[in-house]
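Labels run A, B, C and D following the written order; every chain starts at residue 1.
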């Protein structure tokens, strides 16, 4: 029974990690159609942010707290730079953004290698996040609980921004009808930049969180990017709701398969499930409701 | 030969609870040049989408007693129902000839497909004549003028051997001269086909329509000749009145 | 000139340029192999006052982190040998190639080193897949490879010298140690590839023969970073020790999860066979203190030879650098080759092979001796414990060098393991 | 018709360079290196068809390459082991019994058929599942990438039956020919070069056929094609299957030339790496993808020898600059220059 609850938690936790990794993507990919393969490297940048901050701030807990907004900023600024320099001239060629950002990812990884060295760096966890938290009936790792809370907070904050603020209304306006938004005076250029900034910033936060669980090194991003994209695809286009459901769904599935078989088979099985899922519900993926077909 | 007619019965299209087409019933006979008009959001394009399989619909739409609804898009096309789009959607990287040749070829077998085109098929030659693009046959479609692209689209419908032609705002953005030519083209084509034109341009309609159906809020508001429809007080109220004012 | 011809000219120009460039690289070195059978005669040039050797490590790609360090210690050894007058009076001149972490590239570069550069011997390789890829090359062209990393055994090529540990010099002593400590239940966790799978087969057989119960055997794909499920299983199993054959980044995630789950070295110790001094920093000293490792060398080994090695290494590469088992094994491999060549008084691979048996060297890890039959070397096994200083300290030693037994022929419990 | 002559001339130029010039001036080692590049070029020709002409950005060609390669490798392993023998690695790591699904590959004819059919069938099945449901564009790209990831993980996990990370290697003969003999290695190069030329002929015929025109139409306006009475899924599946078959053949040739196939050659990273040469050469041109692939592989080999970390920057910059600023590849630079000269 305890193992079962532990496993349920493991699945939720994995889901929250996937959610953090995919949330920014669902904004940049789902809402803007840009396939940003450098998203993983923005996560890496967030993780290295914690490492750098820990070099300045001795207390690991404080460093982590400081790193969350800072990681958002680092990821966001990298994203902004990418948008301004490259992506904005490619909105009509979404597939090509995939290859361009793959190149950017390669460069960023090598920059990390040249700046921080090829081996992983040591990021210390704050004492209040190491060890477990007793929930009465079972004990769960504090770090994972923290990440779960962080992902929920990130989704909440994003939802508030998208639905309650003028910026959010602008983003949704531009996504739904670019031309109309332009004619009513919304600057689509500014909105694009902001959307990309926020989406990439979320990657930075994900990177900060991942230092609690895994290695901080140049290849951190590559370990997550394929899974994160699968989540967005399964979740459906432009749907934060869909991303949340897909992340936790895939997380629970991976954990369940892994428990009953092996981690390798579980990864393969999750892929098969996503393909089968697309057979049943391509609607979540595909929607054509435009007047012209241009 | 009036047996091949397009008959819609209680066609209904719903998007997430919003009823875009609300029980449209109409019949278009062969040789008819039917104009479908109505204010924005009346459901004109959606109705065309429903007939061509782009959006799911309930009710019935038959052509020559064959049910069209809820078939795949390409199957409906093969039944002889063709359409154009508001924004011309020709294959810009291909030549005029290649565009027409593709349109003419949905019935070709694999061996024909895998061979090079050795000569221009007669129906393509004929269509080039009809749409007046013979001299531009080797020009890339992407560099054609707007009006020429629309004509190419119509040409593609012709070689496709469509019996029902659904045209979505074919003269939008055209010069007066181009409109005139397009109208005459439609009249020529309409002799052997069932043609439905979705249009906003009232002058164009008055010049070329043989009959008109007015849609409003997803329903048929009025139907008849141009004169009959123009005289209908309901139509004047929701649509034409306003158009008169604008004009 | 019509378009057709012009384009044809362009294509031809491009292709000839490409071909010429490729051939230019080729002719950079003496291409004596052209036309002849590359296998039969060695093209090693010993006429001058220097002799070429090849260093083949991944300087790019995922394995560069580890293999770069081996390349460093190999260069140190070359420098030291040359400072003392070289081998048979000839200075060593190094040809460095990048294996790029890809087995195919290793095979390709090995071919180049043997047949184009005509090196006397090649030093390098890390992953089993890179070694397996190079093996046919060395056997086909009758070259010599010195492979410096502990591996899963079950191999003995006449053209390869294995200076890292085979299983009976690392895995088996670690099990002996655990048994000695009274461990009755084990949990096995490893990356999903050949070394962990083979190691765990051996562990299962050993456990069965020695009354140890294996509570679980889990594999994670290479690069796997979420160990919640595996640690959950580990915790649920109640095993009293863990045998860890994870590789690379996965170790970080595993040890963080292990700590987060409330497990500790004092109650459930983890014996790792892929974590050396180099990796401790990346995993985090905090996460590793008190955990065990099984190797044949640590930087802290107390011997005059090691003192010299560590000092020389730090002097050349910086005081913050550490030395580890594969680095030491690579360093040692060059001196062993020197000893073989000097015994044979020849650089020819066949002469070196014939002279190899019994050659010994006082390595930083202690005395090592080449086994003439299987081309492995006798080494002392050391169980270490990670200290708060980030170094690994010897906890237990086999006391004397263990004769290599790559096929575990001399262990009764292991019969039937290797087909 | 001028275009036709240009193609014939280009074709002759490539044939001359590969079949006459290269063997004459290159050492055995460099020639077999070029042989490996030619294998990549064959994959690139297929990608040019699927991506350049068909608009399907396939990030999973490594899978088909791997299927062809493993089929060939299994046959070579079995034939080395003798009529009833067991491949060496199975004795070491496995049960010492050849699994039933290996047995058919003892037969050379079955092997050659399987090299083409296995990748084709997998591509067909996937194409039916994906294109029929109108999954396309970015979704298709991501799915194909996930397929590559899953395939590599699956291979790595199968130590006893398919060699795991080590892959399959240590082949001694190729359909009876000794692989250590330099003459036979030269023969392998000729086979690879000949195959590349044949594949170029195949795509040339496809490009100039009505099907080629239709494929471009589907790439640019998939929905429009539907309204002309075609099912675009079928059009795309054909191109995808042909591309997969080409990758499979390339993989099969790669095995005897390089002497090893392992999961490292089939995963996500090599699958994307296949694309860069295609992008540089000009994705929708006939010769561009093949020439680009050879150029990039050559650059990688020579640059990474001297500047390992520089190569990564270079590769990254190539992706960025070529795709962002020269979407039609370097071939456009050539034609722009020509046009300038003509107008001057």
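Here, contacts are C-beta pairs under 8 Å (C-beta built on N, C-alpha and C of every residue); 3 or more make two chains touch, one makes a residue touch a chain.
For clarity, every value in this text was computed on a predicted model and none was experimentally measured.
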(request) Mind having a look at which chain is the central one, using mean CA positions? (result) D
(request) Weigh C-D against A-D on C-beta contact pairs and write down the one with more. (result) C-D
(request) With chain centres defined as mean CA positions, report which chain is farthest from subunit D. (result) B
(message) Distance between subunit A and subunit D based on Cα centroids, please, to the nearest Å.
(response) 32
(message) Please tell me the distance, in whole Å, between the geometric centres of subunit B and subunit C computed from their C-alpha atoms.
(response) 72
(message) Can you compute the centre-to-centre distance for subunit A and subunit C, using the mean CA position of each chain? Integer Å is fine.
(response) 37
(message) Quick check: what residues of subunit C touch more than one other chain, meaning two or more?
(response) 64, 192, 219, 221
(request) Mark out which residues of subunit D touch at least two other chains, giving numbers and ranges. (result) 153, 156-157, 221, 223-224, 309, 312
(request) Please set out, as single numbers or ranges, the residues of subunit B touching at least two other chains. (result) 54, 85, 89
(message) So in the complex, the part of subunit C that touches subunit A is made up of which residues?
(response) 62, 64-65, 68, 192, 218-221, 223-226, 228-230, 232-233, 235-236, 249, 251-253, 256-257, 259-262, 278-279, 281-286
(request) Please give the residue numbers of subunit A that touch subunit C in the complex, ascending. (result) 2-3, 6-7, 9-10, 13-14, 17, 118-125, 129-132, 139, 141-144, 210, 212-217, 219, 222-224, 254-255, 258-259, 262-264, 267
(request) Please name which positions on subunit A make contact with subunit D in the complex. (result) 29, 33, 35, 86, 89-90, 93-96, 98-100, 102-107, 109-110, 113-114, 226, 229-230, 232-233, 262, 264-265, 267-268, 271-272, 274-275, 278-279, 282, 285-286, 288, 293
(message) Considering only the defined contacts, which subunit D positions touch subunit B in the complex?
(response) 205-206, 208-211, 213-214, 216-217, 220-221, 223-232
(request) Note which residues of subunit D are touching subunit A in the complex, please. (result) 55, 57, 59, 129-130, 133-135, 137-139, 141-143, 145-147, 149-150, 153-154, 156-157, 221, 223-224, 268, 272, 275-276, 279, 309, 312-313, 315-320, 323-324, 327
